[in-house]
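Before anything else, here is the set of structures, which you'll find just below.
What follows is chain A paired twice: with chain B in the first complex and chain C in the second.
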Partner chain A sequence: MDRVPPRVLSAAVGIAVLALWELLARTVYAGSYRLSPPTLVVVDFFEYRDLYLRNLWHSTKTAAWGFLWGNLAAIALAGVASILPVLRRSIGAIALTVFCLPFIAVAPILRLITGPGNGTPITLSALAVFFTTYVAALLGFDTAPGSALDVVRSFGRGRLAAFRRVRLRASVPAMIAGLQIAAPAAFLGAVVGEFTGARSGLGILTVRALGALHTERIWVIALLSTIVATGGYMVIGALGRWLCPWAPALDVGAVPAARQEPGLLNRMAALLAPIIVVFVFWYAFLWVFQIKPFFAKTPFDVWAELFTNADAAETRSSVFGALGTTLWTTSLGYVAGLIGAVVTAVVFVLIPWLERALMPIAVALRSIPIIVTTPVIILFVGRGLLTTTAIVAVMSFFPTLVNCYAAMNRTPVGILDVLKSYDAGSAAHVRNAYLPTAVPALLASARIAVPTSLLGATVAEWLATGDGIGAVMVIAFTRNDYNVLWVSVAVLTLVAVIGYWLVAAFELRTLERVAPGASR
Partner chain B sequence: MAPNHLSRRRFLGRTAAGAGLLLGGGRILTACGDDETAAPATTTAAPTTTAAPTTTAAPTTTAAPELAAANFQLSWFDSVQFGGSYIAHQRGYYERFGLDVSLVPGGPGVSPDAAVAADQALVGISAANFTGQSVADGAPFKIVGVAMQKNPFVIASLSDNPINEPKDLEGTKLGMAFNNQLDLELLSELNDVDISKIEVITSDYDPAPLVNGEVDSLLCWLTDLPVAMTVQGIDNTTMLFADFGYAVHSQTLICTEESLANRRDHVLGLLKGDILGWQEYRTDTDAAAQLTVDLFPDAGFDLEAQKLQASEQLKIMFSADTDEHGFLWFTDESVQDNIRTLAALGVDVTADLWDRSLLEEIYADGPVLS
Partner chain C sequence: MARRGAPVDVVGVGRTFALGGGEVEALRGFEMHVPAGGFSALIGPSGCGKSTALRLVAGLDAPDEGTIDMDGASPDQMRRGQRIGVAFQDPSLLPWRTVSTNIRLALELVGRRHDTGSVDDLIELVGLQGFEKARPAQLSGGMRQRVAIARSLVTEPDLLLLDEPFGALDALTRQQLNDELQRIWTARGTTTILVTHSIPEAVYVADEVLVMSPRPGRVVAHHAIDFERPRTRELLLADEFHAKVEAVSASLHRSEGQVVQLEADDS
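== the complex of A and B ==
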C-alpha cells in the first residue's frame, strides 16, 4: 500500500465515495428529496450553469470586498498594536469581541446601518476575517528576527522604522497563513449577509432550493462553495510559497495564546482594560451611526432589561434558559469534534496511506461554509438537538484534525528513534510521542473553536432546530424586540469571550508544564 | 425628521465614498450597492436606469428630477408574491404619481418594520401581528393597506392523509417554524383542539419532512410549500387558518405616523401606483409570473411554480370586500376581528393601528382606480 502514489489513492477513495453516494441516492434515499445522485447533480449544474455561475460570482465578489476591507483593517490594527505595545491589549480585546459576536443577530442590526444593498454582506464578511488575520499579522510582526531589529536600533532608528524595514517583511509568511483561513471565512460572511435581502447569491439560492424541493440544487451549491472556499485557501497558500519559499508551512489556528504578565496589578489591568475599551466602542458605535433609540441599546439598557425592568425576570429566564440549551448541545459537539479529531489524527499518523487518501478531503471540508453544510446535515440527521451537536462537531473537527495531524507529523525524529530502539509498539508511540507533541496544537485549536462552535450552534438553531439562544435571537428580531436582541448578543458574546479565556488560561498552564517555551 | 435622515445618508455616503477612495475603488463599491438596491435589475427593458439614491451609494441624479425617491421594503425575497408591485414598477405606475420607487427585497434577516422605522423605506410590507407588536413596543406605525385579506397560514398535508380541519391535528405530527408556536396555540384554542395531542417538530421552509413522512402536516403559507409540492406532482391538501377563526391581516402596507403627516402625497402615490399594478395583476396572473421570472434571472425561478403561486394568492388577496371597496381595503369588522385575534396572541392594539384615510381618498369615486 505504501508504494501507491497519494494522488492515485485519493482518486480511488474519491471514486469509491462517489459510487457509494450514487448507489445510496438511487436506492435507500430514492425519492426522498435528501440525497441526490452525483450524476444528477452534475446534470443539474450543466443545465443551469449560467444561473449557478452568476450567483457564485455575486457571492464571491461580495466576499472579496469583505476580505479586502476586513484584512486591511486587521493588518493596520495589528501594525498599530506592534508599534504601540501599550494599545495591544485593548485592540486585542476589540478583535476578540468582534470574533465572538453572533453573526445571525448582528446581521439585522448592520442592515439598519448600511441600508439595503451589499453593505451588510460586505461588512459581515469583513468582520468574519478580522480576528484570525489580526492574530496572524501580530504573530508575524512579533517573529521578526531579533538580530535585524538590533541592526535598526544600532542605527538609532525608532520603532516605526523597525516596523517598516523589518517587521513588515518578516510577517509575510504568518500573514499569508492568516489570509488562507480568511478566504473561507469571508465567503461565509458574504453568504449569511445575503439573508438580509439580496437579489443574487448562493445563500438565497439555497433557501429557495430548500423551499422548492430542488434537492440537486442544494448539492450543486454545496459543491461550488466548497470549490471556491478551498480554492481561495489553496491559491493563497501557493502565493505564500511563491513569495517566501523559505518559510515553513504555518497554521495560525495553532498559534499559542499570549502569555499574561505576572502580578496582581497587571492581571487587574488585563481584565479591566478590555472591558472598558469594549464599552467605549459600544457607545461610539451607537453614536457614530446615530441609530434610533428604538433599535440602539446601550450597556445600561441591557443591564436594565436583565435586572431592573418590569419584565427582567422573564427576560432572564428566557435568555438564560435558552443559553443553557445552547451551551449543552454546543459542548457535546465541541468535545465530540475535538476527540474525534485527535483520534482521526492518530489513525492518520499510524496508517499513512489512509492519511494520504483522506487528508486532502478533510482540508477541503474544513473550508465549507456552515450555512451550506447545515442543509446537508439536516438532510441526514433531521432537525433536533442532534443537529446542533452534529454541526458544532463538524465545525471543530476539521480544523483541529488538520492542526493536530500537522503537529504529530513534526514529532522530533530523536524521540521516534528512542522509541524504535526500544522496539515500542504503536500504542507506546501514540502515548509517548504523538499525543504529547499534538498537545499545543490541540489546545490552540480548542481555543479558536470556542467562538466558531457557538457561531455554528446559533446558525443551526436558527436554520434547523428552533431552540436555544439562536432561536431567542431570531424571535426577538422578528418581533422587533430589540431589548432582548441586544441582551442575547451581549450575553452570548460574553460567554464566547469567557470560554475563549478559560481555554487560553488552561492552555498556558498546560504548555508551561508539558512544553515550556512553546507559549510566547 | 427629514433633515436628520438626509444628513445620516450623506454621512454614510461620504464614509463609503471616502473609504472607497482610499483604495481608488469607490466607484466599484458604490456600484455594488446600486446593483442591489436599484429597483429590479432587469434583462427586459424596464425603466431601471433611474435608480434611487441609496444609503450606500452617494447621491445620484435621477433622470426625471421632479420624481421623489422612495424605497418600498418588501417582506421576503423576490417572487411573484409581489407581482403587482413589479408590474407597477415596470409600467411606470409609481412615476405617474410622482414617485421613483425602489423595490427592496427582504429575507430572513430583514425586518420590514425596522427598515421603515429607521427611515430606510417609506412603506414596508409587514403583517398585523408584527406591526402590532412593534407599536406596543413604542414604534409609531400605521397600517394603511391590507394586501392579503385572508391570512396565508395553512396546515398542508398529503392528500392521502389529509388534515381538513384543526381537530384532525390531534394525534399527528406537525412540522413548523419555532416562532409559530403562538399561532398554533391560538388555532387550537379557537377550535377546541387539545394541543398536547399534537407532536410538533421544528421545520422551516422545507417540504421534505412532509413528503418523506416524518411529519403528517406542515404549518406554512398557502402560496409557498404547497405550490412547490404541487409542481413536483405531490398531491396535497391545505387548510387555511383564516377559515377557522384566525384573523390576522397579512402583507399589510405600513408607514410611520410621521410619513403619513409629512410625506402623505408620497405614501398616497405609492399606494395608487401599487393598486394599478395589482389590478392589472388580477387580470393576467400568468403574465405577472412571466414578468417575475424575467426580472430576476438570478433567482432560478420555475415558471410553472410562479404561475401557480400567482393564481393561488388571488384567493387570499381579493374578496367580496375588495370588490366592493377596492384592493387593499379593510373593513371595520375585519379590524375588530384582528384586534381580538391579536389580543389572544398577546398583542394588545386598538383600531388606531389602522388608518384608512388614504384608501378612502383613493376610492372616493368607486372601487376601481384608473
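== the complex of A and C ==
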C-alpha cells in the first residue's frame, strides 16, 4: 500500500465511493428520495443543462461581486486598523459581529433595503468573506519584519510610510491565504442569500427542488456548487504559489486568537468598546437607509420586545425555548465533529497510506461551503432534529481535521527521534507528541466553528426541520413579524459572539501552558 | 568507578540518501570502535556525515552496507531494548511539560514512571535545582540543553549519543556544560559518543578523537587523548593541550585537502 502513488490511491477511493453510492441508491435507497444514483444525476444534468448553467452562472456572478466588495472592505478596514491601532479593537468587533450574524435571517432584513433583486445575495456574499479576509490581512500586516519597520522609522517616516512600503508587501502571502478561503465563502453567501428568495440562482432552484422532492436536481446543484467553490479555492491557491512561492502554506482557520491587553481598565474597554461600536453601527444602518419603523428595530425596540412590552413574556418563551433546542442540537454536532476530527487526524497520522488515500478528499470537502450541500443532507437524513446535528457535525469536522492533521504532521523531528530512540509505541506517540501539538490548531478551529456551526444550524432549521430558532425566524418572516425577526437575529448573534469569546479565552489560557509564545 | 555500558563496533558502514532526483552518499567505509565505557568524539567538516553516523548507531536509521555491533546486539535491538540515550543539537523538549516531567518522559517511555528519585538526582547533577517546575520556554538555551542531557541519562542507558548538544550555545556556557558532561561521564561511566564541530571541545572531554573526511564520510585519523581526569580548565592553557588541538586540526585540514584531491581525480 505504501508504494501506490497518492493520485492513484485517491482515484481508486473516489471510484469505489461512486460505485458504492450507485449500488446503495439502486438497492437500499431505491424509490426513497434520499439518494440519487450518480448515473441519474449525470443524466439529469445533461437533460436540464441550460437551466443549470444559467443558474450556476447567475450565482457565480453574484458571488464574484460579493467577493470583490467584501474583500475590498475587509482589506481597507484591516489597513485602517494597522495604521491606527486605537481603532483596532472596534473594527475587530464589527468584523466578528458580521461573522456571527445568522445570514439566513439577515437576508429578509437586507431585502428591505436592496429590493427584490440581486442586492441581498451580493451583500450576504460580501459579509460572508469579510471576517476571514480581515483577519488574514491584519495578520499579514502584522508579520512585517520589525527590522524593516525600524529602517523606515530611522529615516523619520511615520506609520503610513511603513504601511505603504513594508506592511502592504509583507501581507501578500497571508492575504492570498485569506482570499483563498473567501472564494468558497462568497459562493456560500450568494446561495444562502438566494435561499430566502431570488429571481434566479442555485439557491432558489434548490428551494424549489426541495419543495418538489426533485432528488436528482438537489444532487446536481450540490455537485455544481462543490465544483465551483473548490475551483475558486484551488485557482487562488495556485495563484498564491505562483506569486509567492517562498511563502509557507497558511491556514487562516488555524491562526491563534489575539492576546488580550493586561490590566482591568483595558479589559473593561475591551468589553465595552465593541458593544458601543456595534450599537452605533446598528443605529447608523437604520438611519442611513431610512428604513420604515415597521421594519426597522433599534436595540431599544429589541430590549422592549424581550423585557418590557405587554407580550414580552410570550416572546421570551418562544425565542429562548427555540434557542435552547438549537443550542442543544448544535452543540451535539459541534462536539461530535471536533472529536471525530481529532480521532480521524490521529488515525491518519498513524496509518500513512490511509491518509494518502482519504486526505485529498477531506481537503476538497474542507474547501466547500458545507451549507450549500445542506439540502442533500436534509434529503439523506430527513427533516428531524438529527439533521441539524449532522450538518453541524460535518461543518466542524472537515476544517478541524485538516488543521489538526497539518499540526500533527509538523511535530518537530527531534521530538519524534527522542520517542523513537526509546522505542515508544503508537499510544506514547499520540499522548506525548501528536495530541499536544494539535491542541493549538484544535482550539483555533473550535473557535471559528462556533459561528459557522450556528449558521449551519439555523440554515438547516430554516430550510427543513421546523424546529429551533431557525424555524421561529422563518415563521416570523412569513408573518411579517419584524419584532421577533430582529430579536432572534440579535440574540443569535450575541450567543455566537459569546461562544466565540469563551472559546478564545479558553484557547489563550491553554496556549500559555501548551505552546508558550504561540498566541499573537 | 567501574566502567559500564556497551562497546560499539562499526565495520564498513555505507549510507546513501535519495535527494531530489539524485543521490547523496553520506558515508562510505565508515569504521569506529569504542570500548565499553569509553568516550569518543567524532569531528569533521560540515556535511561529512557525522550526524548520519550517530543516527545509525542510535538505530534511528539503518545502514545500506556494513555492520554495527554492540556487545552482540544491533542498534535496532539496543533501541528496542531501551538501552540508548540521545541528545541532539536541538534539545527537542516537549514545550507543554516542565523540566522534571520532561526528564521523566524517558522513564515513562521505558515503563519506569515511578522511578522519580533519579529525576531529582539528575536535576541536581545538571544544576537545575529550583527550576523543576519551569517550562522550556522559560529557560535559557543552556538550561534547555541540560534538561535534554538529563533526559538522555535518566534511564541509565548503556550507550549515550550526543549530537552537537552544545552547538548552539555561547562559549562560556559551552565550557561549563563540557565540565558537567565530563563529571557525569566520570560518575556514570556510560559508553559515550559525542559529535562536535569544536576541536578543543573534543580534545577536552573525550578519550579518543576520530577525524572524519568530507562526504562520503569515513574516519581518516585517530587521536588518543590521555590527559588525566578530572580535566580542569587549567588544561585549556597547557601546552600539551594546544599541541593536541593542533594535531587534530592538522589532520582535519589534511582530510579536507584529500577530498579536494579526490574530486580532482574524479573529474
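Heads up, the rule we're going with is that the second predicted complex is superposed on the first by the 510 of 520 C-alpha atoms of A that agree within 3 Å, B and C clash if a C-alpha of one lies under 4 Å from a C-alpha of the other, contacts with A are read in each partner's own complex, and residues count from 1 in each chain.
Everything that follows uses one rule, which is that a contact is a pair of C-beta atoms (placed from the backbone, for glycine too) under 8 Å apart; a residue touches a chain by one contact, two chains touch by 3 or more.
Everything numeric here is computed off the predicted structure, so don't read it as measured data.
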item: A:V207 touches, of chain B and chain C: first, second, both or neither?; value: first
item: Touched partner set for A:T114, first chain B, second chain C, both or neither; value: first
item: Which partner reaches more residues of chain A (counting touched residues only), chain B or chain C; value: B
item: Chain B versus chain C as contact partner of A:I415, first or second or both or neither; value: second
item: Which superposed partner A:R34 touches (first chain B, second chain C, both, neither); value: first
item: Partner chain in contact with A:H429 - chain B first, chain C second, else both or neither; value: neither
item: Touching both chain B and chain C, residues of chain A; value: none
item: Chain C residues within the chain A interface of the complex; value: 55, 58-60, 79-82, 84-86, 88, 90-92, 94-96, 105-106, 108-110, 135, 137-138, 151, 155
item: Interfacial residue positions of chain B with respect to chain A in the complex; value: 4, 8, 11-12, 16, 19, 23, 29, 32-37, 40-41, 54-57, 71, 73, 77-78, 102, 104-111, 113-115, 117-118, 120, 130, 133-134, 137-139, 177-179, 201-209, 211-212, 214, 224-225, 228-229, 231-232, 296-300, 302, 305
item: Contact footprint of chain C on chain A as seen in their complex; value: 412, 414-415, 417-424, 428, 432-433, 436, 439, 513-517
item: Chain A - residues contacting chain B, complex; value: 32-34, 48, 51, 54-55, 58, 61-62, 65, 68-69, 72, 104, 107-108, 111-120, 122, 192-201, 204-205, 207-213, 215, 217, 289-292, 294-295, 378-379, 382-384, 462-467, 471, 474-475, 477-482
